[in-house]
Amino acid sequence: MSSSVADTKPGDLPRTPRDWVPLLLVPALMVLAAPLFGNVSSWVTLTTAGLAMGMMIFLMASGLTLVFGLMDVINFGHGVFISLGAYATLLVLGPLAAWGEADSLVLNLSLLGLCILAAMAVTAAVGMLFERVIVRPVYGSHLKQILVTVGGLIVAEQFIHAIWGASPITVALPQTLRGAFVFGDVAIERYRVIAVVIGLAVFGLMHLVLNRTRIGLLIRAGVENAEMVESLGYRIRRLFVSVFVAGSALAGLGGVMWAFYRQTLTAGMGMDVMVLVFIVIIIGGLGSIGGCFVGSLLIALTANYVGFLAPKLALVSNILVMALVLIWRPQGLFPVNRQ
Amino acid sequence: MTLAMSSAAGTPPARNGILLGLLSADPPRSRVLSLLLVAILATLVATPFLIPGSQPIGTAAKICIFILLAASFDLLLGYTGIVSFAHTMFFGIGGYGIAIALNRLGATWTSVAIGLAAALALSAVLAFIIGLVSLRVRAIFFSMITLAVASAMLVLASQLSGFTGGEDGLSFQLPPELRPAFRVLADPVMGIAINGRLLAYYLILFVSLGMFLLLLRIVNSPFGRVLQAIRENEFRAEALGYRVVAYRIAASVIAALAATVAGALLALWLRYNGPDTTLSFSIMIDVLLMVVIGGMGTLYGSVIGATLFVLAQSYLQVLMGTVSGSLAAVPLLASITHPDRWLLWLGILFVTSVYAFPGGIVGRLRRE
Amino acid sequence: MAEAILTLEGVHTHIGPYHILQGVSFGIARGELTMLLGRNGAGKTTTLRTIMGLWQASSGRITFDGREITASATPDIARSGIAYVPESMGIFTGLTVRENIVLAARSGPVDPARLDWILGLFPALRRFWDLPAGNLSGGQKQMLAIARAIAEPRRLLLVDEPTKGLAPVMIRSMIEAFQALKAAGETILLVEQNFHAASVLGDRAVVIDDGRVAHQGPMSELVADTDLQQRLLGLSMDTHQ
């Protein structure tokens, strides 16, 4: 970029009205919830559990929200990529079971890494196929999109059953990732820390890509006004396919994390968590990555807090959060300006 | 419905008039379809005498109930153009209304009335609120929000076990007149005892039929035509002065009420209601398959779809078992033709019907 | 007329059930500023969108620089050297002014000298350089839209009503900017409702009425013929300042 321009820093720049309020919701919730528990240790446990779960939901939801933003395509079959990612771990866990049993952090983390790579590769490939066969013929019609992607979901779930069997499969966490870090009477499960780290890393990376690279700018521009992006000479279709594939791979990553978190695999596990994913992207504002991140944490923390304080209301609490957000901002926390 | 065929075949106008009146001037418009519908209705009426045994009559009752459920879902999907994933929630509310009332208040007709009324009221209120919150923003929100609300309701139903029986569900006694021990006639007719069970079956058959004809009337009323206008072109309908949101909410309330009745009927038949029989997401998928494969936007499609689906559920698996057995040597082929994989093939049929023949079976038949 | 860079021959465009363009034929000469005029709903915007491939012509032929582009996809048309500024301006409000311009320069970083020239035309953009474009005023957005179109040299600019909704002072600077673009030798097809702006800027005028070209010729001819103006544009004498 031209230095003569990049260096311009006039003093009287008008301030950008930044929309901070939604960003404060998560810390506010954490602080306000604290007194309800009476002791630090359960608050810390629940908060880390909530953050870990939030990160996983974010991984699963981010691709979906971008796909929607970019091409106005809603994929009700997105949950399949979560399940598929989870099952793909078996491809690695089978031959490399010894790595998981070994009492070595390096081997254990490598195993997790390989699981993630395998899952992302599988889900990216299936995502490409899914986009081609299922989604492409139904651009422009939400009704058909919903129907066809639900159909794709049914078929893909049945394939999972056919390949891996219909009964639940248990997966064990690698040896050194089990257990908790203990500080006094506060215990933090190791795996949750890993989930938070991976989630933050992906969010950071995504933020960088979206803000610092041309393809990221194109995605953001495309979410706002796809037609103008085309008029500038870019092929939005290609961009969309790459986002769809990347979103599927991220769902696969989320699936791996979710699989080790639950330690049980079922073909329907993706669809189960899709309920939360939909709530999150509605809360965040369809097409908004930032909103998706905030929404994920908000939902997961609420679910964990409520699950502890009033277990019966856990899932209902999500509906309540969603209702409150929509009353406050009918288009979600960060409404995306679409043209 | 017997008259449906004669109208297609061209019988005297007088009978046509009554018939068309019953069908709200919306006949099947295909000879094969008319024949199929007549055959289905005749078989359903005759099942208890034609094929004795508890399984066939159970399948027949299920077909009646799912025809009503699918038809009410088609009011949303086919006629209004919005996809709800909460339809089985209303189905479940109907089932629980009956189950809880009969379980708590005793096995009387008053309990049935109270349970049904309470369920209808709850369904109407819920459908109204969901519609108000989600349809105002974007129709796409409606699908996601109904999914979320329905799954919350599923969790709620299994959590509030003191009230709903939790995962186990609720069993209950029917009013005396519907029990097998109740004899309508002292002697059997054609070797079949005319008992309360039979009465229950015909109650279900005729309530379903009546509700179906009512739905047919609704979609062919001016209200139904506005719905279809909205489905075709939302902005144009809005420009013509129709309040799109209000119409959509009204449609979703009506559909919810009909689904509630279907749920109540199912509970009455099974003498039981639990999360798996009425609330679960897999039933939602089943209904979606029925409507789309049968043909969206024509209530007759629901009849064909529901009948085929329930029959497939019961008998397709037998057929697949044979195929799979013969393919035992080929691992993946054997596993995708395994009887448990019947949903795979319906799923593929579903996807192809959305692409290739959006009118479903009925659309196909009518084109010939 | 000099050598034509863009020609439309008998172009018809349907949008849904509506037959908007009913055989539009005209050409644009290299290095000239052609005004596309007409009443509201005459088909001016449709003409631009059809050229860009945003709406497909149902029949007819569009040739750009010797190549037929009638059935080409929008990105390919843009890549062949046409820049388009829609009536809505198409600003990416969530992106900064800089990011908007960066995206417009497909082939890499913007040439610094060119950028200085552009920001010389629209000094306001320099002040908002790193702020979201959503913060700009309507006039500034229009400037950004045009800056984006010329971020790299293009062979033809299509601009849809750049003075729409602008304050008189803004219209004046917009006219100056287009005069500068003309001086730089750009080829421009400009849709304009403001007849004053059109008369100052236009080399040639193409008037569309009811989806057909009703008149074309030198701008001066149209300016001189008030009868024609009244008939085709519905202008009355008091619109002339």
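Here are some notes:
All chains are identified by letter, namely A, B and C, in their written order; residue positions are counted from 1 within each chain.
The definition used in the following text is that a residue touches a chain if its C-beta (ideal position, glycine included) is under 8 Å from a C-beta of that chain, and two chains touch if they have at least 3 such contacts.
The structure presented is a predicted model; accordingly, all values stated were derived computationally and were not measured.
Taken as a contact graph, the chains are arranged in an open line, each linked only to its neighbours along the path. Chain centres computed from CA atoms place B at the largest separation from chain C. Chain nearest the geometric middle of the protein is A, using mean C-alpha positions.
One simple way to say how far apart two chains are is to compare their mean CA positions; for chain A and chain B this gives 35 Å. Averaged C-alpha coordinates give centres for chain A and chain C that are 42 Å from one another.
Chain centres here are Cα averages; for chain B and chain C they lie 57 Å apart. With touch defined as above, chain B holds no residue shared between interfaces to two or more other chains.
Of all residues in chain C, only 52, 54, 73-75, 78-79, 84, 86, 88, 90, 92-95, 98-99, 102-104, 106, 109-110, 112, 115-116, 119, 126-129, 131-132, 134-135, 148 touch chain A in the complex they form.
Per the touch definition, chain A reaches chain C in the complex via residues 1-6, 8, 10, 12-14, 16-17, 214, 217-218, 220-221, 223-225, 227-236, 336-337, 339. Interface residues of chain B facing chain A in the complex, by the touch rule stated above, are 77, 81-83, 133, 136-137, 139-141, 143-145, 147-149, 151-152, 155-156, 159-160, 281, 285, 288-289, 292, 332, 335-336, 338, 340-341, 343-344, 346-348, 350-351, 354-355, 358. For chain A in complex with chain B, the residues that touch the partner chain are 74, 76, 134, 137-138, 142-144, 146-148, 150-152, 154-155, 158-159, 161-163, 166, 271-272, 274-275, 278-279, 281-282, 286, 311-312, 314-316, 318-319, 322-323, 326, 330-331.
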